[in-house]
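The block underneath contains the structure these notes are about, expressed in structure tokens.
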Amino acid sequence: MHDVGIKVSGEQNAKSAIGLPLVSRKSERNKIVWVRDVPIGGESAIVMAGPCSVETREQVVETALAVSRSGASILRGGAYKPRTSPYDFQGLGVEGLILLREAGDRAGIPIVTEVMSEEDVEIVAEHADMLQIGARNMQNFALLKRVSRTHRPILLKRGASATVKEWLAAAEYLLHGGNENVVLCERGIKTFDHSLRNTLDLAAVALVKEMTHLPVVVDPSHATGKRSLISATAKAALGVGADGVIVEVHPDPDNAWSDGAQSLTLLGFAEIMGNLTKPVRSLRTPTNVPAFA
Amino acid sequence: MHDVGIKVSGEQNAKSAIGLPLVSRKSERNKIVWVRDVPIGGESAIVMAGPCSVETREQVVETALAVSRSGASILRGGAYKPRTSPYDFQGLGVEGLILLREAGDRAGIPIVTEVMSEEDVEIVAEHADMLQIGARNMQNFALLKRVSRTHRPILLKRGASATVKEWLAAAEYLLHGGNENVVLCERGIKTFDHSLRNTLDLAAVALVKEMTHLPVVVDPSHATGKRSLISATAKAALGVGADGVIVEVHPDPDNAWSDGAQSLTLLGFAEIMGNLTKPVRSLRTPTNVPAFA
Amino acid sequence: MHDVGIKVSGEQNAKSAIGLPLVSRKSERNKIVWVRDVPIGGESAIVMAGPCSVETREQVVETALAVSRSGASILRGGAYKPRTSPYDFQGLGVEGLILLREAGDRAGIPIVTEVMSEEDVEIVAEHADMLQIGARNMQNFALLKRVSRTHRPILLKRGASATVKEWLAAAEYLLHGGNENVVLCERGIKTFDHSLRNTLDLAAVALVKEMTHLPVVVDPSHATGKRSLISATAKAALGVGADGVIVEVHPDPDNAWSDGAQSLTLLGFAEIMGNLTKPVRSLRTPTNVPAFA
Amino acid sequence: MHDVGIKVSGEQNAKSAIGLPLVSRKSERNKIVWVRDVPIGGESAIVMAGPCSVETREQVVETALAVSRSGASILRGGAYKPRTSPYDFQGLGVEGLILLREAGDRAGIPIVTEVMSEEDVEIVAEHADMLQIGARNMQNFALLKRVSRTHRPILLKRGASATVKEWLAAAEYLLHGGNENVVLCERGIKTFDHSLRNTLDLAAVALVKEMTHLPVVVDPSHATGKRSLISATAKAALGVGADGVIVEVHPDPDNAWSDGAQSLTLLGFAEIMGNLTKPVRSLRTPTNVPAFA
């Protein structure tokens, strides 16, 4: 196991005391969730990447090929989009699912996409390898119950104002409904500070890794909303022990139909993948500094 | 420079547009703040460590020797303690300053300690190598003005509910008052989630590094309030590009006079120093996985 | 119109600038939403009251008769309950709807109840006079769209972390979907302070009354979670200009299946109705005090 | 006592269990704090009014005469201003104190003004009838201790991110230091929603009235930051049981040196004083509506 200081002591075992027996960690063994042949929660961290919204065949195929070449293991993309206003672009729907499927197949990587409506669960599960529950629907219990009855692995985003316990309780709904293949995703929470889109809560990732055996990934794109911070925050996510990151990538972010400001270019994504495998900053220690007089 | 993706483009130069000319970054060059012979903001990150409160000679000297042996560059410790209730231990005052000075000298490392009152600035500046402004006093403008007139470097903690701009504006008070040797310290913010003591805001560290040339360090002890998470969150701090971390260490945390739950043991601190120099989790990439069928 | 200082000036008309044309206030005229023969948004404020959950025929009928006798205009009660944990009581479902209907009929007042699932919209609309969208589902856009196609008036609770604009945008989904009979409900937001269950945001009520012509009511029960504060906060709600309040009442709160701590007894509710019609505290003014020497 | 539903039961008496013996309520009897001949916490609520900053003799005298004529009992005004940026107007200092004193004397009402620095406590106490501790200094313990040793009554603003308990603990510092004449002031807290300047926490006022015998007033100006909402929120404050309100008034808000957007005109203040004495909205009750068919 990687060395991020997660210890499972008697204290942690007592965490089933939070009343969530299925998600509570019972041993040091981590759950590995397989998305086709991609293991999440195993020895290595993984990267999911792709556009916020599926817009056109060209856009999503180009992105899929580029991100998989750069090392992404899973293609992400939205066909159904939860939007604050009814006048914003609501996604291509089924057409988007078909394009995303085609793009994933051509790039040779599985796909993950959000499902927003109970009615759409069946069709989305038919096309996608992994179903995403979005932050706004984390406590849409009807949807959780419906999705838990599919055989697809689930990516459960943390609600923007969900406590750690509420997040784990939402996962408990999924396991209780019969689906054990749940990956948690921290994507930033709502706080008083609007310097960035949300406040990325990486300490919660370390805490959740103590409390549950389920894998946890991090979404620095929605957390920060700012392209120039994705590299640093993704690296911090690996540092804190996350099992992967999910980032937004677009061939032409300035003209993206949604979330352009936080999307990486194809080249920017390739650079970040390079940075993620380099060592973090060195530490000044007695072995590399002269003694203090 | 370390590779955390901090770029200084025209966009960032325009940040002086926030109306804080002295703290705004003008170039890629980072400010190095020297605390005696210890550089903060240079090539390597540094670690500050020590007890929450100075309690006894034995306690602080033992801690100082242990943390310096393990690689800490600066000794921290509180002689004046800001406490929510008037009935909590308020610190040893001048006696604490003297003990901390002695401990730092015996360990051969400089010391940092908090000053809470305008009246105490002179005496604290006499004994300590670096003055800390605590989170509760970040907008105590009378204290900021008084401290800015000393010749000691300053560790400016972010207020628990300060926006990034308010934090930088507090630093601007210090530079405007004549003291350029300011190190910013992220220590967690107050949010709706009380799973941990505070919410560690590491993305703000990356943002602030873009906006200012001043060094930024991270305090995972106050941010999380939980010993078992210090290692993971400290590593994340290095991952995001922090110039150092400051952690609480106590020879006997269970009997500490304050903040025991978040204090590391001497041995625990040594282990974390080892972890901080190991690589972060590996990444699953095309070069190390078979192609998807 | 009542005298709470809501003025519709050119400034407010410009509020359609927030991009929500249907909910934006165009004149001083307020929308009146009729729930059968009960007007919400008219000259007088109204009170909705009833148990958190429908438990038994006896419980809900006794409550209905008592609250209507004390002056409640609408009976509330939950048949489908959104619960953080899958192991908590999830509501009686259709059986609960039938009992609530019976209770409302016997008391001679209309009923409002929450609908949580797209699949249940039809059956709930069949039994209830008004449909409630709960705080957790405020951005469940699939549910909003489905409910907007019914002919029932809708009580739209503010999400616990929804901004005023997000709340109004959720209402816009309802109007855009064809249903103009929307009543907004402030029920407390999530903040750093957990002294009470939530933070009641009464200034937002005054702001929303400026921005929209839709009626706004206040739920002091969920906002405070504390029985002894319902009277004072309900009176403040009327003071700020709310069109009504919705409170939880139970014949035996200590044995309620949910939310007992915030439920009023039948007698407590009667007392509060009395208090709500008394004048607020007098003001010391020049006419009633001697001149200062 | 006024009828806002505040009951002192065994439960509330147990509140000394929060470890703050001096501020904890022991009986139904409320503390009355006298500011010269003005009682705060008595039968009638009081109004404090005046400009954010003292700017000129003409401005402060004109305001003082107008607000006292309209019914204000105390004149407020800032001579020392806590400002986020060092480049903002910092107040007139001693000159401002002298002008405020003169204005209060000419209007025949006592004055309250903020003290920000330990060094200024003596001079401010010499000129002002009541000393204000501002929100940013609520946990400036050195200042609290210093102010507690004066003989002036104190207006203690709640910190923008202070919990109820932290606020009461700050008051405990004052009583513990020897000054029993403390008035608490709720002025809005920092939350995720920036629709208004802060989030006015009126339920906390009702809670605090249960927990302590000290008077509590409300500042709708800083809480909302919006002139058009002052009337409605001030009325809500009386509805919730506050012992008074403190509002910003300026002869020419558009040209105020600080906080113009939230300042009332002299005429606007007079209108609000009229509104505050009118009854709140009527309630639809069985006695005034026909039976439901």
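Per-chain numbering from 1; labels A, B, C and D assigned in written order.
By definition in this document, contacts are C-beta pairs under 8 Å (C-beta built on N, C-alpha and C of every residue); 3 or more make two chains touch, one makes a residue touch a chain.
Keep in mind that this is a model prediction, so the values were computed, not measured.
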Two candidates, A-D and A-B; the one with more touching C-beta pairs is A-B
Among C-D, B-C or B-D, the pair whose interface repeats that of A-C, with over half of its contact pairs matching by residue number, is B-D
For the pair chain A and chain B, the C-alpha centroid-to-centroid distance in angstrom is 30
When centres are defined as mean Cα positions, the distance from chain B to chain D in whole Å is 36
Chain-centre distance (mean CA atoms) for chain A and chain D, in whole Å, is 46
Chain A residues touching 2+ other chains are 161, 165, 190-192, 194
Counting only contacts in the complex, chain B reaches chain A at residues 2-7, 11, 36-39, 43-47, 68-69, 71, 73, 108-110, 161, 163-165, 188-196, 199-204, 206-207, 209-210, 220, 223-224, 226, 228-233, 235-241, 272-273, 275-289, 291-293
So, in the complex, the side of chain A touching chain C is made of residues 19-20, 82-87, 116-120, 136-137, 139-143, 159-161, 165-166, 169, 172-173, 176-177, 190, 192
Interface with chain D, chain A side, in the complex: residues 161, 190-192, 194
